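Got a structure for you, questions after.
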Amino acid sequence: MIIVTNQGITGEQWENLCKKLDDWGFQIHVIQGVEKKVIGAVGDKRRVDFHFLENIPGVEKVIPILSPYKLAAKEIKPEGTVVEVGDLKIGGGYFGIIAGPCAVESESQLFETADGLKKAGAKGLRGGAFKPRTSPYSFQGLEEEGLKILSRARERSGLPIVTELMNLTELELVAEYADIIQIGTRNMQNFGLLRAVGRQSKPVLLKRGLAATVEEWLMAAEYIMAEGNTQVILCERGIRTFETATRNTLDLSAIPLIKSMSHLPVVVDPSHGTGKRKLVLPMAKAAVVAGADGLLIEVHPDPANAWSDGEQSLDLPQFQDLITQVAKLAAFEGKII
Amino acid sequence: MIIVTNQGITGEQWENLCKKLDDWGFQIHVIQGVEKKVIGAVGDKRRVDFHFLENIPGVEKVIPILSPYKLAAKEIKPEGTVVEVGDLKIGGGYFGIIAGPCAVESESQLFETADGLKKAGAKGLRGGAFKPRTSPYSFQGLEEEGLKILSRARERSGLPIVTELMNLTELELVAEYADIIQIGTRNMQNFGLLRAVGRQSKPVLLKRGLAATVEEWLMAAEYIMAEGNTQVILCERGIRTFETATRNTLDLSAIPLIKSMSHLPVVVDPSHGTGKRKLVLPMAKAAVVAGADGLLIEVHPDPANAWSDGEQSLDLPQFQDLITQVAKLAAFEGKII
Amino acid sequence: MIIVTNQGITGEQWENLCKKLDDWGFQIHVIQGVEKKVIGAVGDKRRVDFHFLENIPGVEKVIPILSPYKLAAKEIKPEGTVVEVGDLKIGGGYFGIIAGPCAVESESQLFETADGLKKAGAKGLRGGAFKPRTSPYSFQGLEEEGLKILSRARERSGLPIVTELMNLTELELVAEYADIIQIGTRNMQNFGLLRAVGRQSKPVLLKRGLAATVEEWLMAAEYIMAEGNTQVILCERGIRTFETATRNTLDLSAIPLIKSMSHLPVVVDPSHGTGKRKLVLPMAKAAVVAGADGLLIEVHPDPANAWSDGEQSLDLPQFQDLITQVAKLAAFEGKII
Amino acid sequence: MIIVTNQGITGEQWENLCKKLDDWGFQIHVIQGVEKKVIGAVGDKRRVDFHFLENIPGVEKVIPILSPYKLAAKEIKPEGTVVEVGDLKIGGGYFGIIAGPCAVESESQLFETADGLKKAGAKGLRGGAFKPRTSPYSFQGLEEEGLKILSRARERSGLPIVTELMNLTELELVAEYADIIQIGTRNMQNFGLLRAVGRQSKPVLLKRGLAATVEEWLMAAEYIMAEGNTQVILCERGIRTFETATRNTLDLSAIPLIKSMSHLPVVVDPSHGTGKRKLVLPMAKAAVVAGADGLLIEVHPDPANAWSDGEQSLDLPQFQDLITQVAKLAAFEGKII
């Protein structure tokens, strides 16, 4: 940790600062610069909140040297984490494709989708039973009934289920039906929810927050892992920027960046990431070669009549085309699909 | 609602679209433009999700004309909502100042703060018992013990208490102690939590999300109000932008903008909004003249030893100076403090 | 064009508005909505500044229906523009790779680079003689001497040259030496410069502005094209967002988006787009499959001693590896390299 | 300067790095941390491009300790720079109000405006003769004729003139007529233009770039000052963020922040900063108390018929009201207007 002091730090402030660092077990190295004095404080204080030190009079800035996450760090597991549920494998060379509608609307809608996805070659089924919606007046999901339909679709198709958990109070219910529990964008820093899914054993798909840095995202994963659950899949789904021509700005550079920082697998959701059907295929392909470990694709048997997000959903023939192209590309890239 | 169709819309698609709009009870007005056909669809479909229509083949874009919030809209209560708890009044010409530490650390810390705030003239006491922290390894708050200390500080000082609710499961506990329940930035779109605080009667202070538009923020208030609780205070606390010289970018233009859209009171948190102690006073003053109904200020008796956010906390003499200056300015602006 | 009026528009304001629209040659279609009156104004007013209308009393909002660019629009040339200089072809199925150092530093540096690039299979040589630098105290380029070195490197290698024009006053000089004139990020809306390169005949590589929307970027191309030069290559190089882990956020979704809007070719600069050497290869590959028509890659024979941007430059063996992988992928995708 | 090395730095890389630092005249202080070796390199290398060092193998990150601007730094002139042209004084306790139309449209328009402004108490007249417009098909300004009209309005009213310079080639022309030369948002990093206005003697009003950090903005001022012209006024006019309810996000916290970093005066343009007429007055007042040294306000005698930006222009009675309120507030704050 590097501590930059103010030009006008007093002798008393300096002594106080050094004493504190010493009390906390840091070794102190002083560098007298041209205008300012800088301290190199040595000690693994990863678990200490370094901003804390910026309160001390005479301190201008504190610069951490070590990254703040530990369990999510690449060094822990350089070969990479593989999340495996039935035939679905994500990470460590395995590329997993999960698809399905934004929201579960009815048994017939979901069965038709699941049948089509299975036939096309998808390895997981996504579908929302609890839906986070900007307006309280929009459709909020079929809730438990939706979970039951998902469960019957799994029986029928053999596809494991990915579905979103929105509230702590619904954890048991969702965990009963889901194979992978999704934490949505708006809940990426809902720390109580993160801890709770960390204390159960189902894998967690953690979507990146709208305005979350890669570091904050890894820290959210760290919350889950710190409770014991290491089966975390990160999902890039676009960040919010000034550009309005796409729903979000899909940050594909986050994939190789995370691969250099963490052992956790990363999947990409080009449907939410772009918000436009015509951009889903090119961004799905780009995700493959950028190093992603899988995809999350919105598919609806009849997007024109979807209850939500239809403008970014593929229909079944479009998905069949996507999976064909993606599979060829993934094979070309040496991934196992 | 305006529906812009694609240049290449087929006759069948057109008929299908018109039929749907008709089924949903819209009156249809067709405008044949130079290159594209446009439909003006008349009917109050505020409660319908207009994006839904963008799924229909042949539709390029749907442009809503009415704003999506109803209960939060200015027309509902043009004179403005006043939230009143004891001596603290916010809105409708009343300017309320709430202050206190980021986190409750101990009885002595909070008592010293509360005594100082009371003496200085603050009307409310803030302090976190449950703290949302980026790192799972940072101090997370004293939890119930913190609430009890807050409650004793209230008895002692007479100041009503504002404290954050993070999880649904702690609602009863927090509602028992708090006078105003704060919903934090990271939970602005935690819809289950919003509904839950909407179903109880304590006023709610709703912080703006890091990447939330003003419209999304009003929709979050609408979630609370739709459940019956109309005592909502909006709190501008800075948005996330590319600028890193400040912790966030405090969007003061949101104050007069909201005043033109909604009857809800707006307070400003310049401490989180800037993240720098020296910017708190000028931004607090700017908030007053921009039309804010109150302030939320971080104050700590000993910022150098604060457990969190000390770099943006004022000490008691600094707060005394702030409240003196703000009170004069508020009086100059004709506000009742 | 759709004109939404205020709820409280007076009879006089309404008549005044309608008269104006009529004077300007619009056909007027009035839609009486539930709360507001809306006008559909028909006429190709692409060349009129629609914001103008928002000044008129009683007008709330004006929504254009037609896109504001005409010459850059896809309909003008659905088969796509191909820019061709010597062996370098970009667009219409041709994939062109341009590489070279950020700045021309010396003849030996550039000759070594050009020889290596030629051998590796690059089709164009980039290098800055005039450098836009944040600090006036940083190296600003070799200027005319740099252009001469570029020219000698072209003679030697046969590679056409891409170099940046920063000032109107240097247009003749730069145009004399360059095969393709680059307009940098900071000058994307330097309209005088755009017009000037539009009045000469060398192709123009137009980098996206740091905070430019795709529409503004196409309008910048329109400035060039409106003066007669239709040989414009768009270059995505990352936008500025809140994320600081990468130098910029590379917006690859802009590629297929532009392909659906415009006939202009799009190349990608993953070096500036990410600012990190290790991210260049995966993002270059992602650009290929996202539909880009080429790449701009920073290469330096000795990045450790580069005078600028070395942290994002590849050395020659790394570039050889990149071009090998990219060529295979481009061939797989059916592109001609 | 702090240099963080990679965990895997080799002995040879380490020696090479230390040798280089030594060659460049730095004193080296090595800190052996828990996982990484860190170097504190002492020496005033403000004029060196520190990113340069990130190229050296084994280097992970370079963290500068000194700020990169020198002439703009507060220490150079702690009492603050005052820019004075006729009766217009900006900085050092003087508050200057400049107003006028976005574009000069005609003599009668400008004369009517100037007369009204003079009567209301404005101290400077702004008006664009060269207009930067997103579309090549929009009105681009009256050019030299516009400058002549401005000059006649100055004769008539006595108000000094602020007008924008867009191109190097027009510098002599603009400098002949203008009292203060404005550099617009899109040209904030047009370094040739900055240098050129630095080599002449008229004061420069430097608008903040759409996506410019405060540090980059100060570096742009440094470009001007490094050429000899120290009469620079900074103008905050809003930055680009995800929020679309306002045209830009006015960053008022930049005012006190710059006041703590630089001696240069700062004025605020709430017209462009918000893009909405109704937000201009509250943001103008907020700017005063946030510590601004002046305002730039768009005023048009007939906003409904303005050729550009009418939706954010005040008419003369609205401006009269603004100046009355602002003057009272400025007096209350102890500023000399």
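Order of writing sets the labels: A, B, C and D. Residues in every chain begin at 1.
The definition used in the following text is that a residue touches a chain if its C-beta (ideal position, glycine included) is under 8 Å from a C-beta of that chain, and two chains touch if they have at least 3 such contacts.
Computed from a predicted model, the values in this text were never measured in an experiment.
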Furthest chain, CA centroid comparison against chain C: B
Which of B-C and C-D has more C-beta contact pairs: C-D
Chain centre separation (chain A, chain C; CA means) in Å: 31
Between chain C and chain D, centroid-to-centroid distance (C-alpha), Å: 26
Approximate Å spacing (C-alpha centroids) for the pair chain B, chain C: 39
Residue numbers of chain A (touch at least two other chains): 211, 240-242, 244
Residues on chain A engaged by chain D in the complex (per definition of touch): 2, 4, 29, 31-36, 38, 40, 42-44, 63, 65-66, 240-242, 244
Chain B partner contacts - residues on chain D that touch it in the complex: 211, 213-215, 239, 241-246, 249-253, 255-257, 260, 273-274, 276, 278-279, 282-283, 285-291, 329, 332
Chain D residues within the chain C interface of the complex: 46-49, 51-52, 54-57, 68, 132-140, 166-169, 186-187, 189-193, 195, 209-211, 216, 219, 222-223, 226, 240, 303-311, 313
